[in-house]
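Letters are used for the chains, namely A, B, C and D, taken in the order the chains are written, and counting of residues starts over at 1 for each.
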Amino acid sequence: MTAVKDSVHDYISLDPVAADLVDTPEFQRLRHIKQLSTVRLVYPSASHTRFEHSLGVYHLASRALSHLGIEGEEAAHVRAAALLHDIGHGPYGHQTEDLIRRRTGRDHDEIHDLLDGSVVGETLETHGLDPMHVADIVDGGGGLGQLVSGELDVDRMDYLVRDAHHTGVPYGTIDHGRLVRQLRYRDGQLVLAEGNVQTAESLLLARALMNGTVYRHHTSRIAGAMLERASERLVDDGLPIEEFVRMADHDLLVALGERVPDLGKRIERRTLYKRAIWAPLSAVPADVVELGHDETRAAEREIAEISDVAPEKVIIDAPPTPRIKESRSRVVVDGVVQRLESASELVGALRATERAQWRLGVYAPEVARDEVAAAAVDVLDLPMHVVSQ
Amino acid sequence: MTAVKDSVHDYISLDPVAADLVDTPEFQRLRHIKQLSTVRLVYPSASHTRFEHSLGVYHLASRALSHLGIEGEEAAHVRAAALLHDIGHGPYGHQTEDLIRRRTGRDHDEIHDLLDGSVVGETLETHGLDPMHVADIVDGGGGLGQLVSGELDVDRMDYLVRDAHHTGVPYGTIDHGRLVRQLRYRDGQLVLAEGNVQTAESLLLARALMNGTVYRHHTSRIAGAMLERASERLVDDGLPIEEFVRMADHDLLVALGERVPDLGKRIERRTLYKRAIWAPLSAVPADVVELGHDETRAAEREIAEISDVAPEKVIIDAPPTPRIKESRSRVVVDGVVQRLESASELVGALRATERAQWRLGVYAPEVARDEVAAAAVDVLDLPMHVVSQ
Amino acid sequence: MTAVKDSVHDYISLDPVAADLVDTPEFQRLRHIKQLSTVRLVYPSASHTRFEHSLGVYHLASRALSHLGIEGEEAAHVRAAALLHDIGHGPYGHQTEDLIRRRTGRDHDEIHDLLDGSVVGETLETHGLDPMHVADIVDGGGGLGQLVSGELDVDRMDYLVRDAHHTGVPYGTIDHGRLVRQLRYRDGQLVLAEGNVQTAESLLLARALMNGTVYRHHTSRIAGAMLERASERLVDDGLPIEEFVRMADHDLLVALGERVPDLGKRIERRTLYKRAIWAPLSAVPADVVELGHDETRAAEREIAEISDVAPEKVIIDAPPTPRIKESRSRVVVDGVVQRLESASELVGALRATERAQWRLGVYAPEVARDEVAAAAVDVLDLPMHVVSQ
Amino acid sequence: MTAVKDSVHDYISLDPVAADLVDTPEFQRLRHIKQLSTVRLVYPSASHTRFEHSLGVYHLASRALSHLGIEGEEAAHVRAAALLHDIGHGPYGHQTEDLIRRRTGRDHDEIHDLLDGSVVGETLETHGLDPMHVADIVDGGGGLGQLVSGELDVDRMDYLVRDAHHTGVPYGTIDHGRLVRQLRYRDGQLVLAEGNVQTAESLLLARALMNGTVYRHHTSRIAGAMLERASERLVDDGLPIEEFVRMADHDLLVALGERVPDLGKRIERRTLYKRAIWAPLSAVPADVVELGHDETRAAEREIAEISDVAPEKVIIDAPPTPRIKESRSRVVVDGVVQRLESASELVGALRATERAQWRLGVYAPEVARDEVAAAAVDVLDLPMHVVSQ
């Protein structure tokens, strides 16, 4: 059996389907998409890719299925889905997801089109698997889709430990061995066995700590927002969105350097915009928190005009308000299946913590920071104390 | 400079005072006191000792002092205190602490007597250090005593990562490098610098997860309670408490095997009592939760009599109700020093979680479990559903 | 399936036989026998036990059998043997092996007597296994005995990584995942598959580096020699050898402290003898290298008399001349099974290196070192330059 | 003090010079040059960069200088040189080194020109450091240049552990803590202190094992040879060499995909050439082993013509015959400084092993493999058995 050496799970054995899928161009492309996009500008060791992550998810799915005692055709579909769950990502992964959704209406986990008639799709069929069923599972469908994309999915288990390994930040080091062993399948739902409220909580806590320290680090957010704006300009400038979607990281970085150099070179050389505004939820008017895409661009233009800088020098970055997907995971308590949010006091507190960590950012080149901050306070109706020093 | 290889911190450089202190019999004795007493009956790799832990605490204290820019005589006293902070422990550490306190009135961190006139004390004096000042620091005294015994102490930082390394349970893997670097000294208090609410929370969370999974694992609690009862009988049987206090683990294990064999051999061979009762706080009358030592013994005798077993076959184990010392740690938020419990939503939730995890245990040999459970329900006025299956 | 958390292999799943064997008193005793006896006096984190090591060997054996495609009854016997391979050890493992062999004629891997009629033996029979066949495998017998005790055995694979984990010395960190996957069974012999000369070499090299740095560290050798002498005096003093053999580490440490206190207390407190002589092979007459037990004792007495110290103050420590068992391991090269020593240039060099590292030691209390050194040079016919400074 | 989190060394503190150097475009470019170029096609986790490696080398240099007691201006120059030692690399590091040398006459460690008048050079001068002296040290000059580029340099120490961490292959996990602590400066030379022959050997052994398993893995060699040929065609096709030299990995990958697509796309998608010939030293005529660049191209053309494939479909890959630079490292033995090759039996054996592992490769697309093999046997005068199956 083919095996691949992995820095997190040691050897990963590939079944014949997986071995063939790995060789497809669609999967090989994942070698060139970094798992954490701009996080490496803060944590230099974090250059790992969705290729190795996908192998890791496949590995954990295989082990989970084996512990659950699920074999045969359905297991084969789930394993394939685990391996392929990220092939729908555009360049720089989540960072270009909104742009792609706005222009194509598709999310990265909707891969039905991608599997239809492609090399990956044919490879699946050669092995007697149904590409559309695999795509359904990637999208969370079917009882076992939860294992790939749900509250207790192996995707999360892999990325937490992998991101910890590669960033050096230990918070993500969950006990994936225990999680995989304690999964049960009850009435069509994945649950954690009796005695595992804390096991479920540990997953939430790990993600909350990684969120604050790694995933939402302000420097990474600034670079990410710059990348998103630059990508939008690239597409607006004439690059067909379907071509954009199929780019790899290096394609995008070169294209931005050539066609949107003011932002592209800044990202490449890490001469990033700075925070003009950094405002907590309590200081931001509700309509600003929920600003749509077009209104955001309009506000940016307005701020730019007032502060007398070019319009592309102002970036408003209002992340969605937090939700904690894992809070809906199921645990058995005293014999009864419960949602974690009912069984755990921590869920509510984590929700509050996530809200407390939310920040509206307005970014601009260092030289224009003060002017942009003043204008943003005005345009967005913010209090003065949210101006970043 | 002398250096010791450590499995957690790699090489630990010892200053001349530390190098001499390590060679004293009082410190060498720590080689024979396991860090986690009975936890190794659940996690077999957890055989590490207070010797290596003490070196680790010394190491982190040295680094923290260096980052804080504290040098000279006071730093030398703090380093010595960090190294010596555990020499007051009796055999099996915390497991015999209550017994020793009841019989001697002394806690393990009161080491003034121990330093007075001993080899350790003389060694300190040879190097121009004041043993009584070192003892004060071990007891949390002075502004810098907090570094050794306080809400943000290096003791906790070392044991969490060390226990994670040796048990294999990853939850304790905190970012001690960050904690040590973010310490500040403000108005006579140790605080964490701006932007570290989450750093402080991570310490609490790590301990909460380790509590549930490792430190308070029911099997370890049963063995610990058996060890405590056996030790009490050993002392009642004529072993002078001052001799008991100076024993190492192996001395106690042999003594129990010889003089309290019914319990001693069970601990050695892991043929432990079982849970007859396992009751949450909500199910236990307040006066039972707070039962004093003598009343506990009386209740055990009563249960034994009713269930017709020998009195030493019944053990009531009511841990103190939880407190979260770290919740009082100080962090700088928007320029102002705050208690973590004010700055963090999580503290309240963790308090609730700890209370939810509290359990009253009544233990007995497997053959007598049902009878003892029935009698305990009666004597302690418990509902039927807390009887363990 | 029962699972145990291990700090090296994460979760170890126990089959029903193993789960029952673990509960026997003979196996539980391994909790109290340290894997590296006196090495912890040099590497303080090395307190791990033969209990966790045995679980690790069982785990690797299970995985190797699975990769080899061996199932059924024979596999069950091999797994049981892997788990039980160390139950024949006396207290402090290898350190008392020579003494036990001289007095009983038995090695630690001859466990036929031990299994006959014991709880372990009965447990095996309950599960339909033949205790004598298990004992044969522990002794290296049968084709698959090599997996437990041979040139490519899983015993070695486990202890190298485990000792690295617990000492902090990285040299033992072999790629056990690869070794286990590359094992093949060819003509009744375990071999490594084509392309694995270097895999085999890595095992030799890891052991060679661990030998010099850890296993044969001079401080550990001194403490070990003292322990051996002290044990011999204990037995000579009337402790029945069969009782001695069944002791655990703590029993022996207490017994030595009480009955051979001059050495026992020194070991416990690490106030060790020092090297009077430290001589390479080239400087030692051949008959001294090969000195038998009785002649060694006679020479010690002679040295003691000349240097005017008590006879028990002189210890001669002449280890056996090195052999490299792994050099006989088999690898497939160009389709042909070869011994590693034929396929690898490194084997010869490692033999030479091991010989170059061999040292004759003569130890004595620090105050008597010079006198003992002078007398030893005389009695053992050594050159002056081997006197240790 | 600025600190960067690293997955290998935890926090790396940057002195003010380093903090400024890191922000230069020349250093930021290292974010985009992978440490192990094509090795990630075999070990998917190995995406780490020369940016993080350079920080690691700086960190180890700082610690080594501190242990050596070297401070002041010279230390500052050495630390800067350690940080900057890789900025002379072209895209894909060592893989394009020969091409660059042939076209510019410059090696990657000759950075005098690069520092002269550049932002890096100015930054050094701003801090009172001499760029030319830094460049000398990078090139191994001065007594302390050995620390950055010599037999016992910190470059090697960092990359071995880092490559082990990111590939998952443990062989590189040396004890860098010990190496750094055992360095001494004697008569203008870096040596390892008494008692460290094995420490020095461990460095050699780690590199030998990593060579065979990782650095010279045949798949990585094939991809590397393809990349080199493609780059040569790119430059021949008109890309100015000075522009080529300053490219980052993503620039080159995109340029190859566009301008040398037959090879570029194969590298990107890992549809690599296969081995037609794989021949040990003993099977290759001496003049073929030493074939110069132009003769190699001529032979390739000849093979292509005979086998009737396009000339760019044949690649001859004859690596330089092995040398073991570390064998010249110095160790103190019995008070005398010796070369390791004199003090260690292993060096000679490793030389033989390295020669035994040497392979001449001839690569071609899978469909043309047999024809190319037949022609290569003819043209290069090889025996039949070296044809790869």
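Heads up, the rule we're going with is that a contact is a pair of C-beta atoms (placed from the backbone, for glycine too) under 8 Å apart; a residue touches a chain by one contact, two chains touch by 3 or more.
Just so it is clear, the structure is predicted and the values come from calculations on it, not from any experiment.
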Which chain has its C-alpha centroid farthest away from the centroid of chain D?
B
The larger set of C-beta contacts, choosing between B-C and B-D, lies at B-C
Counting only Cα atoms for the centres, state how far chain B is from chain C in Å.
34
So, in whole Å, the Cα centroid of chain A is separated from that of chain B by 40
I'd like the Å distance between the centres of chain B and chain D, where a centre is the mean of that chain's Cα atoms.
50
Quick one: which residues in chain B touch 2 or more of the other chains?
10, 169
Looking at the complex, which residues from chain C come into contact with chain B?
4-8, 10, 23, 25, 28-29, 31-32, 34, 40-41, 43-49, 51-52, 55, 165-169, 248-251, 253-254, 268-270
What residues of chain C sit close enough to touch chain A in their complex?
3, 10-11, 177-178, 181
Given the complex with chain B, which residues does chain A contribute to the contact?
169-171, 173-175, 198, 201-202, 205, 209, 212-213, 344-346, 348-350, 352-353, 356-357
